[in-house]
Amino acid sequence: MDLMNKPTPLAVVQGEVITQPPEDLYIPPEALEVFLESFEGPLDLLLYLIKKQNFDILNIPIAKITEQYMEYMLLMQDIKLDLAAEYLVMAAILAEIKARLLLPIHEELEEEDDPRSELIRRLQQYERFKQAAEDIDALQREQRDTFSISVPKIVDEVEKPLADVQLDELLQAFQAVIQRMDVKSSHQIKRESLSIREKMTHILAQLQEGNFLPFYNLFINIEGRQGIVVTFIAILELLKTHLIDVVQTKAYAEIYLRPATASEENIDIESGKKSL
Amino acid sequence: MEKQQLKSTLEAILFSANDPLSSLQLEKYFDPKDQVNRADLKATLVLLQQQYHHSGIELKQVQTGYRFQTRQEYKYWVAKHTSERTPKYSRALLETLAIIAYQQPTTRAEIEAIRGVTVSSNIIKTLEERQWIRVLGHKEVPGRPAMFGTSREFLDYFNLKSLNELPKLSDLVSVKDVNFSLNLEQTT
Amino acid sequence: MEKQQLKSTLEAILFSANDPLSSLQLEKYFDPKDQVNRADLKATLVLLQQQYHHSGIELKQVQTGYRFQTRQEYKYWVAKHTSERTPKYSRALLETLAIIAYQQPTTRAEIEAIRGVTVSSNIIKTLEERQWIRVLGHKEVPGRPAMFGTSREFLDYFNLKSLNELPKLSDLVSVKDVNFSLNLEQTT
């Protein structure tokens, strides 16, 4: 294979095809690699070779093309480019066509039996889609060539539609809250009726002992969800009947319960103790 | 730049901008070679405002600049864009409402204590705007926080005669087994 | 509804919509009492298309409906809004897309046969993520490979009303034909 005899391009520089390396110029192997990598596959490479030399795609000089194709393969192997298996398959196809063309032609052969016909069909098929890809790329593209418009709409606030809520959603939301509170209790206790009144008495008893109770201390984890709910209702019930007061010094601070009779001034919230 | 072309260019720029553009910002779109001065620009903006005078949109000068927007007169029609999609309330809002419904009267601090996170003012505002909750009074503790409860409108919305008709709290214990067999008509 | 008012209403609706609106969708904005029929609507849309003829924007009909958009001639100016560059797609991706667009429904094996190389999964994934292609079904051959086709979004994105508007695909010439007409013009 003689590289010098054929105008085999080595690189493309600013659109110009370099077919022979200038004697005193060093071409970095990376540039060559970029060029060789730019082929989309064996068909693309073949099309390039055919067009480069103005060959007729319908009458490919198989011997010449095969020779050039092999030279590129060697070049690619030389720079250790990862050659896709398809390139090797194509090499085999070309060799086969070349061999068949060398065989004496039998008289019964028709034009369709031209050994090149399948390859020509594939090349043409690929070429038209290569062109179609370029055509699609040239189409007006949204967000590249045109930009769809959406101006702010001026609407009255009240005309905003309101969200719908179902009653069971509300219940589920509450269940979620309770479950989160209950996340530490690992086991499910048996359903046992904790009476609200019993709980109220219990709370009041605790309050009398200490006179002052952090809200959370009243919720005993082992009682589970039901316990929490019952305790909560009991506290609400006590509040409603003015038996206790709920105190909080500031937003997000700990909440304290105390007997309704105790007055605010007597309580040192910080220490949580009564300081008469 | 020729007058007609400047007008079309400004249209393209203003219609595709995400935010209002001031005349100063608009000026920066042009290079010296475009030969667009501030006077040209302002004159063209006035021209555009007139041109869209008899249309469904207008070129409006707002605080930060010029923008195209739909005209007030067509609010009825453009509101129909959104009516196809009903908004959904957040979990935080539903939980807050649930706590208010079941634990009323309750304060914001109590809701926060139960939920374990801060209750945003937006949620309270939305619930009040919806007229589902109202302030029942103020708690006699420092800061006198508002105590919230549900309203008549809340009961009406959920088709309840009274708060007693709310699904029982004790049901929640076995809520997974019960499967929400509420004998309530669900209206919207 | 009076003609001028219908035009302005459509402007307000179309300019503020987030997506293209078909004439069928537009029809739904009106109640019977508005007395707007489909013929009125279509006539007004044509009128609007003409009205914006000499401006920086256009009323374009794409696959899923009508939308206002900036004209291609002004993309230079509009591009100044953002610094981000529009993505450039690889030849491999564009060729794959072209084959799917013209040969749909088509399988991966068919695409590979035409291109002469393996189609990477990344390309198919990218095309699916962009919602340009979708699986139309499965071919009843061993392995039941997916058959791909293009989507409505593909047409909208490329400013096309239908697949018929795609650029024409060149013809295949058979070897047999060329042997009989040797002075065929070669377009290379």
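Should a chain be cited, it is by its letter among A, B and C, assigned in written order, with residues numbered from 1 in that chain.
Here is the rule we go by: contacts are C-beta pairs under 8 Å (C-beta built on N, C-alpha and C of every residue); 3 or more make two chains touch, one makes a residue touch a chain.
The model shown is predicted, which means the values in this text are computed figures rather than measured ones.
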Centre-most chain by CA centroid is A
So the chain most remote from chain B by C-alpha centre is C
Expressed in whole Å, how far the mean CA point of chain B lies from that of chain C is 34
Chain centres from averaged Cα atoms put chain A and chain B apart, in whole Å, by 29
Chain A and chain C have mean C-alpha positions lying a whole-number Å distance apart equal to 24
Residues of chain B that touch at least two other chains are 15-16, 57, 68, 70-71, 74, 78, 81
Residues in chain A with touches to at least two other chains are numbered 147, 149, 151-153
In the complex, chain B touches chain A at residues 15-16, 57, 67-72, 74-76, 78-79, 81-83, 86-89, 91, 94-95, 97-99, 101-103, 108-110, 112-116, 118, 130, 139-143, 145, 157-160, 167, 169-170, 172-175, 180, 182, 184, 186, 188
Chain B residues touching chain C in their complex are 4, 7-13, 15-18, 29, 54-57, 68, 70-71, 74, 77-78, 80-81
Note: in the complex, chain A contacts chain B through residues 147, 149, 151-156, 159-171, 173-178, 180-181, 191, 215, 224-226, 229, 232-233, 236, 245-253, 255, 264
Chain C partner, complex, touching residues on chain A are 40-44, 50-51, 54, 56-59, 84, 86, 90, 111-112, 114, 116-117, 120-122, 124-137, 139-153
